[in-house]
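Next up: some structures, all given as structure tokens.
In what follows, chain A forms one complex with chain B and a second complex with chain C.
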Partner chain A sequence: MLAFENAPPFAAPLRFFLSAPLFAVLAGLLVAFEGPDIFASRWTPGALAATHLITIGFMLQVMLGALIQILPVVAGASLKNPLTVARIVHPGLSAGALLLAAGFMAGMPVLLASAAFVLGLTALFFLAVTARALIGVANTSPTIRGIKLALFGLAGVVGLGVFLALALAGGWSIPLMALADLHAGWGLGGWAGVLLAAMAYTVVPMFQLTPGYPARAGWGFPNFMLVMLVLWSVAVFADWPWLARLGQLGCALAGIAFAGLTLRLQGKRRRARPDATYRYWQLGLIATILALILLATAAVWPAAADLDGWTLIFGALLMAGGFLPFITGMLYKIVPFLSWMHLQNAGQAKVPAPAMNKILPEIGMHRQLLAYTAALALLLAAQFFPALLTRPAGLAFAAANAWLWWNLLGAIRRYHHHRADIEARLTTP
Partner chain B sequence: MTTIRSFMTEDHRRCDDLFAEAEQAVGKGNLALAEVTFGHFRSAMLAHFDSEEKTLFPTFEAKTGMRMGPTQVMRMEHEQLRSLMDDALAALKTANADDYLGLADTLVIMMQQHNMKEENMLYPMCDQHLSAEVPAVLERLETELCEP
Partner chain C sequence: MSHAKTPHVVDARYMEPPGPFVATMEMLDTLKEGEKMLLLLFREPHPLYKVLRQNGHDYETELLPDGTFEILISR
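Moving on, here comes the complex of A and B:
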């Protein structure tokens, strides 16, 4: 039952972290390859494929990998065999993301159905092993309870996603657009948003030395978000558009409140120097607030969503502007810290491990952050000047994520180098 | 009601505050002041480790019979933290801000994930298993931590 020493082997989370950026590269290349037509609407095959390469290939990949790593630390819940879990979930997500993207691009029912099958089973397996680890863990912190609630969000987004993919494959007659909106709401709000908030309650105060989140926000945000999503779901099934809009408005306002609160807390941070993680979070928080203002506006005034590019700008701001920066910022702490920790353990207190900034130097992260910010700006500008900027934006987005991959790979190369050195020094007395 | 968890968690936060003072001094470029404030932080941490290793952990081990379990892991992490603090202090003494920042970053994460394990798991276990001894243990911890 105790999770003190069973920190999972490095190989368990690392495979997720190293493959995630490659999916973002693929999404960028797809945008560059398809060109201006990809942004004609959010329903083009290219836009759907790129979105899912980002959400499943990048976001879900890192989120599940990180959960395998941190469940023992934050919740005292250890998965029975983390390496085996990783060996099943990682290929499942990777193959599922590729099949789904290919299914959208080719419009082939068999690909869509296979993607639904692979992703559904993978998520079901992950949910089963985490539920087993979390059962009996008391809700002693907003983080623990937030993670548990986020898993309901994961079940919601995957359930709806599988249904939508099968409906597309089988040509079923369903309210596709309303269900796709709901699917996005469960994914970005109920799963990714609640999970992010649950993690933020712990990582923002502890690692950035800010004041803590007020208890009401910490316990209330996940509840409120899920209640809004349930209302929205009821509205879709009962065909009450006004209630769906109310649910969307609630999700947007809750997200704005959470991001605004986090910005305010970060303003009171007491670390010596702003680092790449902090700047990535600032970027993510500002972009999230802008995105959610668009969502709230469209909920109150639905005609706005019909304006050219409205929904695509919302999506780009929330995913490329919000979630990816949050996740990248955290990867820039997690990967060097885990490298340090495993080197420290390998050295058995006889050979010291190099500090984190020797494993992943700040300058490399900072330059990549600038490149990513430029790519994001291009991506947003491409919505206004598609003919001119779509291809450059796709290439820039691919390049910035390739750079992220290169930075992480460099850290792992240095890790292996030091590891070999430590082992050599331990064997030669 | 004061519990081991609430009392020791409070002490973790006090150490965090002292660490933050050192960070602010480094941020302002005042390495001499940083050395002094980091020294305060280090003393508070060492006193905290000592009170755990000499009072809390042995009581827990005697009562539960778990000698090689969680407390052993916590002792190992204390060693790692002691060595990180020594290195960070040495970096401040030689006015090497870059080395300090790298070590401080490692130290913060190591310290916080260590604290998390204690606050979320070990201390609640102590409160649960030592229910009869809690007042006496708290009294001893209080003397050890308040009179450095």
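Moving on, here comes the complex of A and C:
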């Protein structure tokens, strides 16, 4: 009865979802291995490597894997061969993230240049196939237009990233810090932030039973974010620091408004019992607002960014506190839902699929959420007491993400078990 | 529930999937030739659109300021 026959095969998104937590484990182990020195500044090789293991290895993996799955559902647009796309993009991202992290750690130009090449080609391929699927799709909802604008953000962050990696590899003389900030702005604001908002417009009301996002906010946020990033980019190329700060302030305020609105909508939700996704989103929204207050403060008062730990705390709050919880919260809905949907299809309306909470029990997700929150607290505290807390924070972060991986793997094991059961019951007369 | 556009309304704004899909298909079955129904949702239901097109139904969608999508479906 449900029109799921055209959904991409489960194997397409699953490979991204199951490998992403392993990159976060690797980032945590790197922090534990490097110890207190890793947080001496945001420019240490270890900090750069850990950041990109998170942003490419975890965030980008899940985001691209989820897009491959979700485009038909939220935009009515299908990739031509989702499994083939997944088979190209997944190894590209995985190898690219590892090469880049190794390049930072070893300081080897050949590794940095290889990472730039692999990641640049992978992103270009993904952008081409998605653009092809989305061309001709009308902007009938803020979600569709948000996804389209986010793809410009992806082009921006990858373009700047490739340029920066090649500049580092080749020893080019460029305004490294201003460009690295802009690269982060396009990545976290233009790509991840806009994509997250575009998805939130659809999934927050759907999964958390909240009111919808007001249409004006839905159309306005991605536009405003992109305009601010264009201003910021112009400022970097024209060397106008005041305009760059204005762009940063605009991005921060837009993000705070989006997060505040989402918190307000969640306050009006009609689901009585808070689940792990809801709690992960609450954590993510609060951490994001705190991070963006730091960003806005530094935009108005630049000397703040020179205070010890300011930028690292901002990064930890926004990525480990904001984006990872949003993404994990969504994984905890998407993986059981896809398992249920594929089991429902396998049952051919003759054998019912088990309930979603049988595929991924709430208690396991809730305990993992507590472990992750503790790891995040340690990571933030390590900025104040690095000698004492950096290694425990790295280990706790690795452990919490290994637990996420274990939970997802458990869901897939149960999925296969139920699938075998359904197939046996269908063949038994 | 009734509406200016049609008396046949499914307000699925606080329903979990697949509730909206099931409720819409059930109401479509009860409509007579020439009648229309209205589905209210906080998202655009692309998988439903596809089924509607396959089954020869016309539909028009309007996004209201509060984020509600009004989908007017012809029998």
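Definition applied: the second predicted complex is superposed on the first by the 424 of 429 C-alpha atoms of A that agree within 3 Å, B and C clash if a C-alpha of one lies under 4 Å from a C-alpha of the other, contacts with A are read in each partner's own complex, and residues count from 1 in each chain.
Note that in this section a residue touches a chain if its C-beta (ideal position, glycine included) is under 8 Å from a C-beta of that chain, and two chains touch if they have at least 3 such contacts.
Since this is a predicted model, take the numbers as computed values, not measurements.
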{"item": "Three-chain arrangement built on chain A, chain B and chain C clash or fit", "value": "clash"}
{"item": "Chain B versus chain C as contact partner of A:M206, first or second or both or neither", "value": "both"}
{"item": "Contacts of A:P325 with chain B and chain C, given as first, second, both or neither", "value": "neither"}
{"item": "Contacts of A:V74 with chain B and chain C, given as first, second, both or neither", "value": "both"}
{"item": "First (chain B), second (chain C), both or neither touched by A:R270", "value": "both"}
{"item": "Partner chain(s) touched by A:G92 [first = chain B, second = chain C, both, neither]", "value": "neither"}
{"item": "Chain B versus chain C as contact partner of A:P386, first or second or both or neither", "value": "neither"}
{"item": "Partner chain in contact with A:A355 - chain B first, chain C second, else both or neither", "value": "first"}
{"item": "Chain B versus chain C as contact partner of A:S141, first or second or both or neither", "value": "both"}
{"item": "Which superposed partner A:A215 touches (first chain B, second chain C, both, neither)", "value": "second"}
{"item": "Residues of chain A contacting chain B in one complex and chain C in the other", "value": "2-4, 73-76, 140-141, 144, 202, 206-207, 209, 270"}
{"item": "Residues of chain C touching chain A in the complex", "value": "13-14, 16-18, 21-22, 25, 42-44, 46-51, 61, 63-69"}
{"item": "Complex contact set, residues of chain A against chain C", "value": "1-4, 6, 72-76, 140-141, 143-144, 201-202, 205-207, 209, 211-216, 218, 270"}
{"item": "Residues of chain B defined as touching chain A within the complex", "value": "16, 19-20, 23-24, 26-27, 69-70, 73-74, 76, 79-80, 83, 87, 98-99, 101-106, 108-110, 112-113, 115-117, 120-122, 124"}
{"item": "Residues on chain A engaged by chain B in the complex (per definition of touch)", "value": "2-5, 73-76, 140-141, 144, 202, 206-207, 209, 270-273, 275, 333, 337, 340-341, 344, 349, 352, 355-358"}
